[in-house]
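Same chain, two partners: chain A is paired with chain B first, then with chain C.
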Partner chain A sequence: MKLGDLSLSQLRQRLADNDLALRTGPFVTRIHSPMVQVADGLLRLYADFPLDAGEFQDFHVRVGPPPGLRRWLRPQINFWYDGHSPFKPLPADHAFALLEWGLNWCVAGHAHHYLMLHAAVLEKNGRAVVLPGDPGAGKSTLTAALMLSGWRLLSDEITLVDRDDGLLVGLARPVSLKNASIEVIRRAFPDAVIGAPAYDTHKGTVAHVQPSADSVARVGEKARPAWIVFPRWREGSPARLSPHSRADAFLHTASHAFNYSLLGGLGFELNAALMDACACHDFEYSNLDDALRVFEELAA
Partner chain B sequence: MNCHPLLDILRDPARMATLDLGDWDLLLRQAGAAGLLSRIAVQAETLGLDARLPDAVRPHLTAARTVAAKQRQAVRWEARRVAQALSDIDAPVLLLKGAAYAIADLPPAAGRLFGDIDILVPHAQLGQVESALLLAGWHTLKQDDYDQRYYRRWMHELPPLTHIRRGTVLDVHHNLLPKTARIRTHAGPILAAARSLPNLPGLSVPADTDLVLHSACHLFHEGEWGHGLRDLVDLDAMLRQFSLSPDFWPTLLARAQALNLGRPLYYALDSCRRWLHTPIPEHVIATCPSRPPPWQRPLMRQLFDAGLSSTHPSCRGRLVKLATSILFVRGHYLRMPWHLLLPHLLHQALRRNPQQT
Partner chain C sequence: MTPDPARRWRIPPEADLRHREWDGEHVFFHGATGDTHRFSDAAARVLQRLMAAPADESELATLLAEAAAVESAEATQALGEILGELARLEFAEPVT
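Up next is the complex of A and B:
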């Protein structure tokens, strides 16, 4: 059964009853929430995802109002991981964004059977591109644009490297866009399904793009890494790739990874194997169409 | 004691092979909340059970073992830095608790998670030790004058030291309990009986009996029960192995008498036996040097049971909130007499604490 097979009221009921287990790639998460924003967001962005009917879930999360009188004055929202809340409460209208951050936190904080890099990853013709990117470098914009033009999305935030074979494992969860990039994607891809924006978060305005049906359907297919590309959006710059040293790419991905040092020697081996498998590039761009053309040539 | 399946598995890890997926779902959550997931994961591997466990479960155990291996490596590395920093100190420097288990490869070390490093040094050398650690980068952070006075005047340890580059925390003790505590004990015999570590010159660990007594006194004298079950598992693991030596029990009882730690030992033995089925002979508990009067025992059991079951919602009974508040107050009551405690709590309540905003 898919999440989209439920009506909004059925979905709300099951979320309120703690009776919804969602599968996203290798993880099953039980989601408990009385919030209509959470039901809305899930129905809009996760409709193609399978529900899990098993007895075992990897993560148990809840998004709901914190206890106390604040709920009447200026309603707030918090995230609980199996009864424990790792974050501070947020304004209630950030409920869906908080769920997304919470799901990232679940994976990044627990899935140490993978090497987890802080990077987006997409695949085309059997080869995957890993996009590490500093905040504001235009990584998510590029990720959304590539996905909406036919690349298969594995993840926009966490690159999972399988410790047994070094292949990349997908989550296919929605792409998080910030501030101006929301409008950029809306204009370039008028058909893209984008969730309700959350305003004034610590990252500014945030909205999520629905993953493509192909990405969700093929989430179980691991991808072979082929390129590491460091994107940088720069006003007026033509779209062009230039070589990036492998040693530097290694250091950058290692120092930005979620669990590189935790994995010890294995982390080194896995990241080194990833570098060996990849051509490393810098990529500057200003215009999205030109950027997509360059990636089209890369994957050809 | 309603913490199943976690308790079943702590008592008999081989039963992991019999759990169904629903049991595993709850076990991983209970064990994760109690800080015992890595321990269970290491036991599954040691017993060769991994291949027989459900596919959905195995990644969690692999991840938990990865965390434990990293922490063990980190605590060993950090202990070597401490040894280096204190190499000129002409006095025993003892690792306590987690660091001692890890470095001396004691039974609780398997799959254990570690927090701060604790060391014990003679009171007379405290100044030298602090200066040497300061030179090596360990400083007291975020402590105002009041905290400094509070620790140095009343406590059994220096204010926590944080390494300026690594951010690791070191607790330097000169005794097991605060100067103001209801129970008076002394560190002299523990320092004198310490066992030096061949692989780490300059550092030692307490004798087996003293490791048990320190762990017991830490758990049953404190007001914080967040790691209660984990600490009880430490005690269980030590008792099971140390008691293989025939003179362990009499030595332990005599030592508890000498160090004036009979009462926490009684609570530790009683709780270990009831919670984890630790094989402790009846006569050992019956001859423990300080036992509560019979009318108190059911009450104290209820309190400690609540503390030990407070880690995960599925374990908590009806009165856990009340009981944990009582334990919290008890912890403070045992720590200081009222004429010191009340002004201290008042100060803590009224201060504007920048660390907590």
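Up next is the complex of A and C:
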């Protein structure tokens, strides 16, 4: 059964009853929430994802109002993982964004059977590109554009490297866009399904793009890494790839990984194998169409 | 560190060093501290030699002099700086 098989009222009831287990790639999350924003966001962006009927869930999360009087004075919400709240309360209309951040936090903090890099990853023609990127570099914009142009999304935030075979494992969850990139994607891809924006978050305005149906349907297919590309949006820059040192790429991905240090020697070996398998590039761009053309040539 | 041609160096036994080289750039991982560093080609040659077996400074200086085609005195000075840095990072230590 897919989440989209439920009506909004059915979904709200199951969320309120703590009776919804959502599978996203290798993880199953039980989501408990009375918030209509959570139900709306899930129905809009996760409709193609399967519900899980098993008895085991990796993560048990709740998004809802904190206890106490404050909920009446100023509506707020918080995120709980196994009864523990890792974040500060946020305005109630940030509920879906908070769920997304919370799900990232669950994976990044617990899935240590993978090497987890802070990078987006997409696949085309059997080869995957890993996109690390500093905040503001245009990584998520490029990720959304590539996915909406036919690349298969594995993740926009956390690259999972399988410790057994070094292949990349997908999550295919929505792509998080911020600020101006929301309108950039809306204009370039008018048919893209974009969730309700959350305004004035600590990241500015945030909205999520529905993953492509192909990305969700093939989320179980691991991908072979072929390129590591460091994107950087720069006004007026032509779209161009240039070589990037693999030693530098190693150090960058290791220092931005969620659990490289924790995995010790295994983390080193997995990240080194990733560098062995990949050509590394810097990528500057200013125009999305030009950027997509360069990636088409890369994957040809 | 004052040069001493007879002083022997080794990789700390607990270090469990791992190494990769890509296009002439070297990255080493220290298994005990969990630290990862990129080292110069010269430092990498010293470390790789010590990973094979302990060696004295005279031998290491000769290795550097031949690799870089420089005079022995220049190699000895460079070696002192390299060993000082490797010792500070606990990637190498004198054999006591």
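The criterion applied here is as follows: the second predicted complex is superposed on the first by the 300 of 300 C-alpha atoms of A that agree within 3 Å, B and C clash if a C-alpha of one lies under 4 Å from a C-alpha of the other, contacts with A are read in each partner's own complex, and residues count from 1 in each chain.
Going forward, a contact is a pair of C-beta atoms (placed from the backbone, for glycine too) under 8 Å apart; a residue touches a chain by one contact, two chains touch by 3 or more.
Values in this document were obtained by computation on a predicted structure and should not be read as measured data.
Bringing the complexes onto one copy of chain A puts chain B beside chain C with no clash. Once the two complexes are overlaid on the shared chain, A:G83 sits against chain B while remaining clear of chain C. In the superposition on chain A, contact is made by A:H113 with chain B only, not with chain C. In the superposed pair of complexes, A:L251 makes contact with chain C only, with no contact to chain B. Counting residues of chain A touched by each partner, chain B versus chain C, the larger count belongs to B.
Of the two partner chains, chain C is the only one that A:F268 touches; chain B does not reach it.
Annotation: apex chain A, arms to chain B and chain C, angle 60° (C-alpha centres, rounded to a multiple of 10). By the document's definition of touching, of the two partners only chain B reaches A:F56; chain C does not. By the touch criterion stated above, A:E297 is placed in contact with neither chain B nor chain C.
The least CA distance from chain B to chain C in the superposed model is 7 Å. Applying the stated touch rule to the two superposed structures, the overlap between the chain B and chain C interfaces on chain A comprises residues 261, 264. Partner chain A is touched in their complex by these residues of chain C: 16, 18, 20, 22-23, 25-27, 29, 31, 34, 36, 38. Every residue of chain A that touches chain C in the complex is listed here, in rising order: 245-248, 250-251, 254, 260-261, 264-265, 268-269, 272, 275-276. Taken in their complex, chain A has these residues touching chain B: 26, 28, 54-58, 60, 82-84, 110-113, 163, 261-264, 266. Against chain A, the residues of chain B that register as touching in their complex are 20-22, 24-25, 29, 32-33, 54, 56-57, 59-60, 62-64, 66-67, 69-70, 73, 312-313.
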